[in-house]
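A, B, C and D label the chains in the order they appear, each numbered from 1.
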């Protein structure tokens, strides 16, 4: 295959990837978008095969690799629970990072195959691009592994704050730059692997001080990193598909991080510097005696059955309890009784962007009943019941009213404007931000203490009576 | 200057042009955007000078050309009336088209200066790109001249429907293709100029059958064309700034044409095939006697002074009458009386996209009092008075209610929902689409027949009493 | 003898030339091989096409994000930036030897300059008119 | 005499070589000149940079246009497409002579394949769940 044709085909696959992301602008076009993505990947792979013209042995090896990896990937995709998506994405990012390192290593040991020179005489520019790729890739790898472990609960979410960590990290960063310069000068394998080692260490050190709950931002950031690593290697290999894709993925991760930080009203820097959200802060104790109105499933069933409009506000607790299916049943029951039911989603409800939407979709909730904050917030005033299930921070009025609150300025869902606010959670404890929620003590609020799934099922049962 | 640096700088100027368009996403950033555009142009010019390293004589000639053209351009920009913007844009497009033809001619006679080969031995690919550029440029030139003449009223807006025009146009198109092939084979100057001639003729023939009122769509289409011509020459010259800019301008014109056609609920093809909107159709005469309530300036002054909310709907007639300043005075007077005043702009009010906005801005109407159709349409129900000044089609309820109407499906401003609808126009005649407006005969409507500016001034005077 | 030696010399010459050719050929093919893999010999046309395609995407998004109230300035500013065709005119006037080409270039230069100054300045004039309500 | 003729021959050889050099040099510089003006010798890096910059713009706009309800699938699909790094792995496995490079390439290939299949399939599974209200 001529390189011109190959380059053109790589361009085509880059454009198909753009169309894949473009498809996600609406659920109806999203499936087609995903297909574009698969076709784009197919074109990239076939083009490379036609260009490399592998030997029979090589070809067999390639098929073997694709079969092993593809089989494992397909299995994981089929088996994974929707509630584990945050972990899964983190795990997948770590693989991309490691793959980038391995590709760079292969290029280091067989530069001829990549057309970047001969062993010991690799072009300087290629070496710089490659080291950038390998460093970012390695950081992505270990960083994502830590994020995975924290999200999956295999490692405590508590931030691990090493002494002098900023100094250590800066020193490692400087060392990295030095090593890259050294690599361009010496082309030594040892230096190459030193770069890998230092970057792996840096990846760990950068992520361990960040609290488990901040991991979603980290995952997005690492997503962005994996894009930049791919783009850097794209420059080395002179591959248009890699360059375009890298830029797309890089932008995507950066924008999602930005959206999350804005939704939490925190700065990206403060997230990255870490030390937040590991433990729930001690409950505020300002000496004022506060009373809480507690209710039962029966109370809730009565209130909702007699309502004309119910808005459901799901949060992280719904994901923990896997309550989405029970919730859907409840909504069906209400709708059958002629109650108008809508879902209100806060941009950072749950633990990853779009987390609630995917869970509701899994429970067959139609997406046109699910509304974003700005589209539904004015409707709470007309609602009889706001059914808050496992959400907490995203409803906290202190973000709106109390200037001294650490989450002041974060947009919230105005559930307190509804006639009655039903709060399903297990305790009066705080949520991710560790801040007491004054809503619990308000007149219009009824606390339904218990597991979200159990409580919702009980309400449905209570309606049967 | 090294070609690498030059290419990089051309890329920078392309990015600055992107930033220029990006700035137009909001009035507050738009001025900065325009500055980016100027800087980008400056970089492109300086880079080219550094690359070409002209002789002293050449340098003098360049300064002279820039001074003549720049002086004329600056003068026009200072003098032109805002109401003549459609004509001006058409005139400017014709210049871009002619400039493209001239650049291609220069490349034909001195290919060496452009690095595309030697006289009589120009690279085939460059010839193809060049002929595309020159053909599109020439069509843009004469097409824009006709559009200018029609818009400026120097030529009748009546569509000129030659017999067999589709056949003739198709034949000319085929001839063009043949000539381009011939040019690649022979590299003959005669063929080159034949291409120019045929394209010039085609430009005229394509535009004369299109009615004067459809010219805005044509102007946008020609804008798009001028972009594609620039991009084609960008390929010839291997110039990144030209390629990027061409694509930007090409997209922009195409999108604006699309927006206009959608706003009119007509297909682009039907516009381009022509024969529409030249003359106003005969008024519908269905035998039903219809009565019209006519009012005076005094009536209008009384109604508006006692209103609590007035929505102003400007249309093409306001531009014709240059009534924007008088209108602003009226609004000021009303606001001083405690009346809430808003402006409602239909996407295709007037004769070019954003036409009304620019005129209102000229009369110092703040842009946050000016609303788009979808943002204000629901407010007419709460308004006491809709003051329709020189608008007609964009308020015609038959577009909403009458399936047999030729403009059925076009979105309209629901002025009939307001308590009273004041209609300022000179007669009961129809507007651009040539369709009778049933609103004139409705109970809540009061016709204020007269010139828009005069009538508005009279209303202001009447308020003084 | 002389004849002989000349012949030898010519022979040597031939061989030297042949060797030279071989070396050159080799160098070429090595360079080619390197290029093929690295994409170094990719025709710049492909790169330009990629840039063109991506710029169309950018244009699409950036123009849709323009607020309708500024569509008239948009038309004026796109007109101004499309006059970047002036770079062709500058090359023609600045480098060309042929009088005709210089003439064409000069015309193009003047026309483009009208557009550049006219387009940007009229846009500036328009944009200066868009004001917020003063409160 | 022999010496003389050899010397002559050598001289000739020298001159021939010199001539050859001259011609070659000339050809080179002509080619260079043509390239400079046409941009033919523009370093592909510049083109790639342009493509990279424009792709960032496209990415910016295309991602902002993704509806928030699909942000989770977006994360999965970007993960899948970033595995296009597999092209590097394929080159390493397909062409490489060195055993080590083939090994590294094979690992990269397997990892990327997990991502490609896993990423696209899990996205498909998620997207299949998004349904409209049936009426």
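Note that in this section a contact is a pair of C-beta atoms (placed from the backbone, for glycine too) under 8 Å apart; a residue touches a chain by one contact, two chains touch by 3 or more.
Since the model is a prediction, treat every value here as computed from it, not as a measurement.
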| item | value |
| --- | --- |
| Each chain counted as touching chain A and chain D at once | C |
| Comparison of B-D and B-C (more C-beta pairs in contact) | B-C |
| Longest centre-to-centre distance from chain C, chain (CA-based) | A |
| Geometric centre distance via CA averages, chain C-chain B, whole Å | 30 |
| For chain A paired with chain B, centre-to-centre distance based on mean C-alpha positions, whole Å | 44 |
| Whole-Å separation of chain centres (CA-atom averages), chain B against chain D | 42 |
| Distance between the centres, which are taken as Cα means, of chain D and chain C, whole angstrom | 21 |
| Shared-contact residues (touching 2 or more other chains) in chain C | 37, 39-40, 42, 44-45, 47-48, 50-51, 54-55, 57-58, 62, 65, 95 |
| Touching two or more other chains - residue numbers and ranges from chain B | 14, 18, 112-114, 237-240, 244 |
| Set of all touching chain pairs, with the criterion as stated earlier | A-C, A-D, B-C, B-D, C-D |
| Chain B to chain C touching residues, read off their complex | 10, 13-14, 17-18, 20-22, 24-28, 30-31, 33-34, 37-38, 40-41, 44-45, 47-49, 51-55, 58-59, 61-62, 65-66, 68-74, 76-78, 80, 82, 85, 88-89, 92-93, 95-96, 98-100, 102-103, 105-110, 112-114, 125, 219-220, 223, 226-227, 229-231, 233-235, 237-253, 255-256, 259, 345, 347, 352-355, 357-358, 361-362, 364, 366-370, 372 |
| Complex contact set, residues of chain D against chain B | 34-43, 45-47, 49-50, 53-54, 57 |
| Contact footprint of chain D on chain C as seen in their complex | 1-2, 5-6, 8-10, 12-13, 16-17, 20, 24, 37, 39-40, 42, 44, 47-48, 50-51, 54-55, 57-58, 61-62, 65, 95 |
| Touch list for chain A against partner chain C, complex | 3-4, 6-8, 11, 14-15, 18, 112-117, 237-240, 244 |
| List of chain C residues in touch with chain B within their complex | 44-45, 48, 51-52, 55-56, 58-60, 62-98, 100-102, 104-134 |
